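The same subunit A turns up in both complexes below, where it pairs with subunit B and then with subunit C.
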Partner chain A sequence: MLGVLFEQTADGQRYIDWLLSGLGWTLALAFFGWWIAFAVGVVVGIGRTVQNRVVAALARLYVEIFRNIPVLVQMFLWYFVLPEILPTSLGDAIKQIPPPWGSFFPALLCLGLYTAARIAEQVRAGIEALPKGQTEAASALGLGGYLSYRHVIVPQALRLIVPSLTSEVMGIYKNTSVAMTIGLMELTAQARQISEATFQTFTAFGAATLIYLALALIAYQSMMLIDRAVRIPGSTPAKDAIEPTLADDVQPGTALPHGMEVVK
Partner chain B sequence: MNSLDFSILLQAWPYLWSGLLFSLALTAAAFVIGMLLGTCFALVQHFEVPVVAQVVRGYIALIRSIPLILVLFWFFFLVPIVLGHLYGNGRPIPIGATWTAFITFGLFEAAYYSEIIRVGLRAVNKGQFEACQALALSTFDTYRCVILSQVIRVASPIILSQTIILFQDTSLVYVLSLTDLLGAASKLAQLNGRLVEMYLVVAVVYLAISSAASQCVASLRRRYAFTGAHR
Partner chain C sequence: MQGTASPIDRSSTIVVAENLVKRFGGFTALNDINLTVAKGEKIVLCGPSGSGKSTLIRCINHIERHDGGRIIVDGVELTDRMADINGVRSEVGMVFQSFNLFPHLSVVENCMLAPMKVRGLSRPEARERAMGLLRKVRIQGQADKYPAQLSGGQQQRVAIARALCMQPKIMLFDEPTSALDPEMVKEVLDTMVQLAADGITMVCVTHEMGFAREVADRVVFMDQGSIVEDGDPETFFRAPRTERAKGFLNQIIH
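Presenting the complex of A and B:
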């Protein structure tokens, strides 16, 4: 059934090469997008918990804007609208970027900054889950605001939220498919292209589905490994900020034993 | 940089409005189908119905692992074939993108709602089941009158948050060339060339609706913070 994938295409490759190239773009978007999201998300998440009202309000504004606009609309804003509202010379320079990169960079920014808003909420939940004594002990030791965040609060909060971050990892690789709407030939787009070229729709979509399933499994397992490596002994994970589970109401210990529950 | 001209909106508004209505209708339909089916899925797993429970688990894990756009493509391709086998001589029955969208979103969201309800079912205090037994309620009445109403109540903030995500996700019907809010804006943008204004307006409309809805959910969550817990 998968035989069609090894047939020659019009451009001398095999169809499976199209799929693999799509997989490459999907992975590149998810990987680099994740680091943008993580970096921005941690900063914004910290911003939401600081005393300074202006910083906290700005961080909240960021989260509200990026979480409440659909990722597809954000994609169009980066791709179509940004070059138009920048000064003409800069906008034209952006439009001159050659094809794959011209879609890749807007998609990367879009996914990174969108996911950052979601990570920020998880980071905030992690920080708020820490006992107040941690901050007090840090200031009793003479650590200032920056040092106590740097050495006491953030490292512990990040270790608490690894399980919730799993769903964000799953989210970002699934959302890479939205990049096809601005012309990036990632995995879903390649599957559709193969289906249109060969009329073997079942094979084309089936192969893409299997690849996504494998990615989900890999992402889930590696996050489990990370969680096991960094979990604070004796702690319970912070509540998922975006899709709070009913962990409050479930008896401790029975909460979320089964894998797919944290996967969105 | 061209100057922005939002006067174009006066002409565009009726078309955008019809697109928004389609987005809302799709959200509402997917919510109803998703909740009904999702509750069934959750109950099937809760009762550990042989074979069916495993199939449902597999379906949910699959749906949650692949992107919605790919699911839309799958259903766009599969539903006519399945319908053809059910009601025809095996020849695919084309049903059009609109019906595909309604069916897909209903079945897709069912996977997400069912996970919420399943966790909710586990959260119900064991005493509730025992009390129902003491009152000699049948299993059906136990779930209909006592258990499910509590699950829905406790889980309502999460169900509503998921519905806001659903509303944003309906914008993805763009890939089926349907005329939802975003689809209407992009079709108008191609006609009048005013894509900056069009997409900005769409973004603002989504932002306004979603953040207003999130505020409502947040206040609901605060209200249920102490009445919802029953320990």
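Presenting the complex of A and C:
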């Protein structure tokens, strides 16, 4: 059934090479987009929780804008609208970027900044789930705002949110398929190209589906490993946190993951 | 162990509270509090729940901001606008009811964090100091464990060591034994008695009247946000002057 993938294409390659090339772009977009999203998301998420109202309001504004506009629309905004609203010379320079980079960079920014808004909300929830005593203890030791966040608050908050970050990792690589709308030949775009060239629609999209599923599995397993690696010795695994019968036996304040239940 | 090993230096005060007022919304938690803590003094704050004892010691390191009056710690008046609140806080050790150890750091790292980041100690220096104080609270064997792997009593002793690592000029204890199982209260109290014997200035909110009797130079009794009695423990326990103090003592001694 998948035999058509190994047939020669007009340009001397095999169709499977098209798919693999698409996979490469998908992975590159997801990987680099993730690091943009994580870096910006942590900063904005912290910004949501600081006492400075201007910073908190700006962080909130960021989250509301980037989280509430559909990814597809954001993709078009970065690709079609941004060059038009910039000064002409800069806009023209952007339009001159050769393919595939002319599509890749707007897609990277789009996915990175969109996912960042979602991660920021997770980070905020993680920070707010921590017992108030943690901040108080840090303050009482003379650790100022920056040192408290850097050494006490953020390290704990990030551990708390590893499970929800897993779905963001899986989200960003699935959203890479939207980049085909601005001409990036990623996995879905290649599948469509194969289906148009061979009329084997089922095979083309079936293969792409299998690849996406495999990626999901890899992402999930990697996040499980990370979760295990950063788990605090002596604390209950995060999955126990949703089982109240187990939670009842643990003293409040000693086991970190229970804070997650407190948060909305 | 009646009294203290080092004399109280009445000429130098570490904490001065003058007409201190703290409100939570419409509720007045502290009403016109005047309190002076001399160097080397051990004060036990007691009183019924909601009397403002915890609020008072939380005002001493500005975790709670006061709404009126003045509070001067180590010669510095605490205000909302002060730039160096962390400088003051690093001289004031605090032990909480719920320990508040940092769960993601090992016992020894809990003790090393602030000395390294606030005091600028090198890692080996901070570790050496931390191990010395963990030995003092007799928990050096657990140095590389994490807080969740320790019992409540052990955690609270680590919290005491963590505060001591900053070499504070005064130690505040906010009901340090209230969250502990009964069999663990003694190990924490013993540690505190030992600290008192070393001459550390202490303000301790506690209902452990045996501890108050043994260690305190002064017992301060609070009720409804005011200081009702302030005197030596002998007098307070034998002959409380006010009805409120009598009632309180009857309740907790059974």
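As a working rule, the second predicted complex is superposed on the first by the 232 of 264 C-alpha atoms of A that agree within 3 Å, B and C clash if a C-alpha of one lies under 4 Å from a C-alpha of the other, contacts with A are read in each partner's own complex, and residues count from 1 in each chain.
Here is the rule we go by: a contact is a pair of C-beta atoms (placed from the backbone, for glycine too) under 8 Å apart; a residue touches a chain by one contact, two chains touch by 3 or more.
Quick caveat: nothing in here was measured; it's all calculated off a predicted structure.
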Contacts of A:177 with subunit B and subunit C, given as first, second, both or neither: first
Which superposed partner A:141 touches (first subunit B, second subunit C, both, neither): second
Partner chain in contact with A:155 - subunit B first, subunit C second, else both or neither: second
Partner chain in contact with A:84 - subunit B first, subunit C second, else both or neither: first
When both partners are placed on the shared chain, which of subunit B and subunit C touches more of subunit A: B
Partner chain(s) touched by A:14 [first = subunit B, second = subunit C, both, neither]: neither
Contacts of A:208 with subunit B and subunit C, given as first, second, both or neither: first
Touched partner set for A:65, first subunit B, second subunit C, both or neither: first
Subunit A positions touched by subunit B in one structure and by subunit C in the second: 254, 256
List of subunit C residues in touch with subunit A within their complex: 61, 63, 86-87, 89-94, 96, 98-104, 113-114, 117-118, 145-149, 152, 155, 159, 162-163, 166
Contact set on subunit A toward subunit B in their complex: 64-65, 67-74, 76-77, 80-81, 84-88, 91, 170, 174-178, 180-181, 188, 191-192, 195, 201-202, 205, 208-209, 212-213, 215-216, 242-246, 248-250, 254, 256, 260-261, 263-264
Residue numbers on subunit B that touch subunit A, as the complex places them: 1-2, 60-62, 64-70, 73-74, 77, 112, 115, 119-120, 122-123, 154-155, 157-158, 161-162, 168-169, 171-172, 174-175, 182, 186, 195-196, 199-200, 202-203, 206-207, 210-211, 214, 228-231
Parts of subunit A lying in touch with subunit C, wherever the complex brings them together: 131, 133-134, 136-144, 147, 151-152, 155-156, 159, 232-235, 251-256
